[in-house]
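Each chain gets a letter, A, B, C and D, in the order it is written, and its residues are counted from 1.
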């Protein structure tokens, strides 16, 4: 019987110690502490790990952290949305995103050519320069072949980038597939369309990519899921797991509520009814903004794995 | 200067009267009342109207309401996710979804072969029978042609259905396009993959469909958006509007918060910075579960449009 | 086995019909429909009904509705916070609250002497005039006696008001006690303090009022709770019920989440563990803004009770 | 112009370093980082600091942390609700609270005599033993005098406790007043009532305590507010500040949304309209569970203050 313990500050406390204390503080801090255990367990158990996130997290500084996690071989499969991949490329080419405010004068921002994502601002120029970057990439892809499953196309683009902190670049280098079930839902979609206008035999094969995610794991593999936020990224990973017998481990980190029946708010408990996570799985849902909860959890996970020599640090 | 007024019950009050009172009650009831005005305005202004919703709403009884709205020609363009379309087909073929509980024993449900979406349950059998339905449909599609943009494929499927309350059926009948940027993210994706295994030249062309949504409206059109929930449905409509100069009107109904910078929680205010909705647009965000807020708003809208003879009632 | 049904608009639909349909729509609409049944059941069972709400709801137009419900003898006991009672008095004396915006320039509002509660604005003048109203009331109270339990003081004030739409006035007229466990937490507290400065033997006896709420119901009574929002209003009613053996029925309407362990977010399920609501009770939690969900639910309840001649309409 | 920076893990990272990185990550992590600066600023500026929290936080392990902060003289004034104070006493007398689950079988818990607060369980025995503790304390109070303003009563009780980790004990020792505007809203209220039954001249003077909080700061003082969660604790501190010319600094940490106009969800922005925080104040709202966000923020604050020799460490 574990009991609540009075938390006490001591000077220079490490993240790993703080998260350890969280285990006896209460409410979401306890869930976050459990999440650390679940991730370590899935890693030690040799599970194939899906990591899913939404575009806004790539807009944030988590982008470089995702790249680092790929380099450390924490996740085996990435599922995300296209907006984040565009921004990963933009950042790889030197674009800077500006720290702003949640409640600015949005009309004024528009007039200045500034686009807002929460408290992060992106200039129109950043988007314009993206066009100059992506067009020659598509041309090079087309030279190689005409019909591209999404994840293969993304690997190819990743291999054209040269940025340590790029998700696409690290994924290509480390052979971690990136799945993006709605590849046209962003500026990237527009550029694909423009390219196809001129090259009608250019095809992005989403159906073929379904087999790629399906066969990225097998029934025999242990399977784990770390899902940040909701959206199709979360759903697509769950689906791939389900078709392979279900996940063995799952950590959901989200701000969404279960109460409206949405995928974003669906809890690890609901997932049990789908056989999406197996009934005897180790699963936990942490409610909170992932720009806080995810680094907290993962710093603790990485420290511990490193301590035990289980981290692929080169 | 509008002031708050004491709400009073009188017997047999109509929805339209209640929502009218809401205009002087406060908090989200005021926003809901404003939303009615924005939708009526977009309709009267002849705007092309995007209606977007997520899968769970089709799991719910809103499904038949969406179909009715299409029949009444309220929306001109639909954007949604594939899970809902699968369930629309399942319901068109007679499947029944069961009312359950938000906090059941999920392992017990799994053992009974019952899948849970919030407080709605779907049996495994319903999914199995979907396979029997979808396979011959794909075969018929393939006979017609090998390469299908998503919205054309969905229209063809819709024309094979015969259910007044089906979204796909009504959309096909009324020539309202349905866009679904992540067509493979569901059981449907699995069946497309199985079909392509046997027919490798079968292609679902998502890039071509980008041009379809892009040209579904023009810069010269007035454009309005009614977005329910978040996800790529919302984003894809905003994007299509943006590439045509931005929306003139927008109503967002969601439970998500702005605070984590997600697309689901992005407000109509944030959209102004993107020029996504024009700075002088009529826009409103209503926070709440759309199974309550959307029927409330739309019953009021439809009553008023009908009163003025502006509704396409046949 | 109840199943989901396709919702369909028909012209001039009544609130009662809409809420009836909600029972087979899904998610929170189903919970709202259940809440109607629970309230009707508690009324038919002759339960003593606690109605609790927070100050902001009295800022809104729900204020006159609460007064009407008291007149209709729906609730037997009211628990609320002092801010709302101040505003009930202000409105009884003719103050008007102004409809504003959720994201205005707050510094500009301050400079104009306007105070904001969400999208409702209150002028400084309204507060100043409150002083002129409350001071002679306290003087009259003091003449009668020196030591006042809170609910008796509030009844006395209510009897000095003459406004059909006033909560305090109707409660006094209909002998419905109003409990307010933090009577000093507002402008009213300031005026009590000023008065006590001059009359040190003036005492507001909160301890004595505990016995008043405790004996407002008995162990033998059936007891029901309709709790809007959270705060001490909710907690105080639950406590009074618990000390009398627990509630038999409970409807919670809130926007707060269970996830942080707060009283506001505590669900009817959690209440079972406290014996706060009995294990076999009829209980339901509805997530959503009460300015929408409460009128919807209650209009339906009142229509049905009136239909069956169970409403105290004079 | 500050820009977003890629976050990178390095082994053994300290909390202070992580929170420093948060300043360029995005969304709520940025707000949390700003909150650190605001708290340090208010401390350096010599502001009188109000710290407010709700009962559930005392149920959690934050209880000992609050006590430590009082010992370190971080806050000058505490405002809270009575449930937490009861539990502070229970813990000071050795009661243990048990770590549980957010979705257990609540009826089973009830039958076992276990009460649930989110994922924390409290046994009935703990409550029973509280009675044995509080009764002699009230007798001792009564011997001293008959009429007790709340904060004086709480200080007296604190001085009877002997637990380093007790909020009441440390507050008494360090002469930090604790205000509790709804002192009867809990088991404590029941025991006060029982005591008054036998000693009718025993009075808890809430009106007198209003003057105590009013004069706990002055117009000339700089004033700061750290508000955790919502409820009357938050409101009462804001009110006391307002009557003294308004707060100069404010940090709100909450999970509540602005959208329903509640006090819990009211942002630091709304507070500007009330002059509650001055227009030129340094203010920030952090959305998230305080069992995570508050220790994160305060560990960083304490490390930095300690570094600069500004912390009262004895």
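Assume contacts are C-beta pairs under 8 Å (C-beta built on N, C-alpha and C of every residue); 3 or more make two chains touch, one makes a residue touch a chain.
The structure presented is a predicted model; accordingly, all values stated were derived computationally and were not measured.
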Taking each chain's C-alpha mean as its centre, the one farthest from subunit B: D
Pair with more cross-chain C-beta pairs in contact, given A-C and C-D: C-D
Whole-Å gap separating subunit A and subunit D, where each centre is the average of the chain's CA atoms: 36
Subunit A and subunit C, separation of their C-alpha mean positions in angstrom: 44
Centre distance in Å when subunit C and subunit D are each reduced to the mean of their C-alpha atoms: 26
Contacts with 2+ other chains: residues of subunit A: 26-28, 56, 59-60, 102-103, 118-120, 257, 259-261, 269, 287, 289, 291
Subunit A partner contacts - residues on subunit D that touch it in the complex: 1-9, 11-16, 18, 21-22, 24-32, 56, 59-65, 67-68, 91, 96-99, 102-103, 118-120, 165, 269, 287-289, 291-293, 295-296, 298-299, 302-303, 306
Residues of subunit A defined as touching subunit B within the complex: 54-56, 59-60, 81, 83, 102-104, 106-107, 109-111, 114-121, 147, 181-186, 189-190, 192-193, 196-197, 202-211, 214, 229-232, 235-236, 239, 243, 255-266, 269-275, 279, 289-291
Contact set on subunit A toward subunit C in their complex: 26-28, 103, 257, 259-261, 287
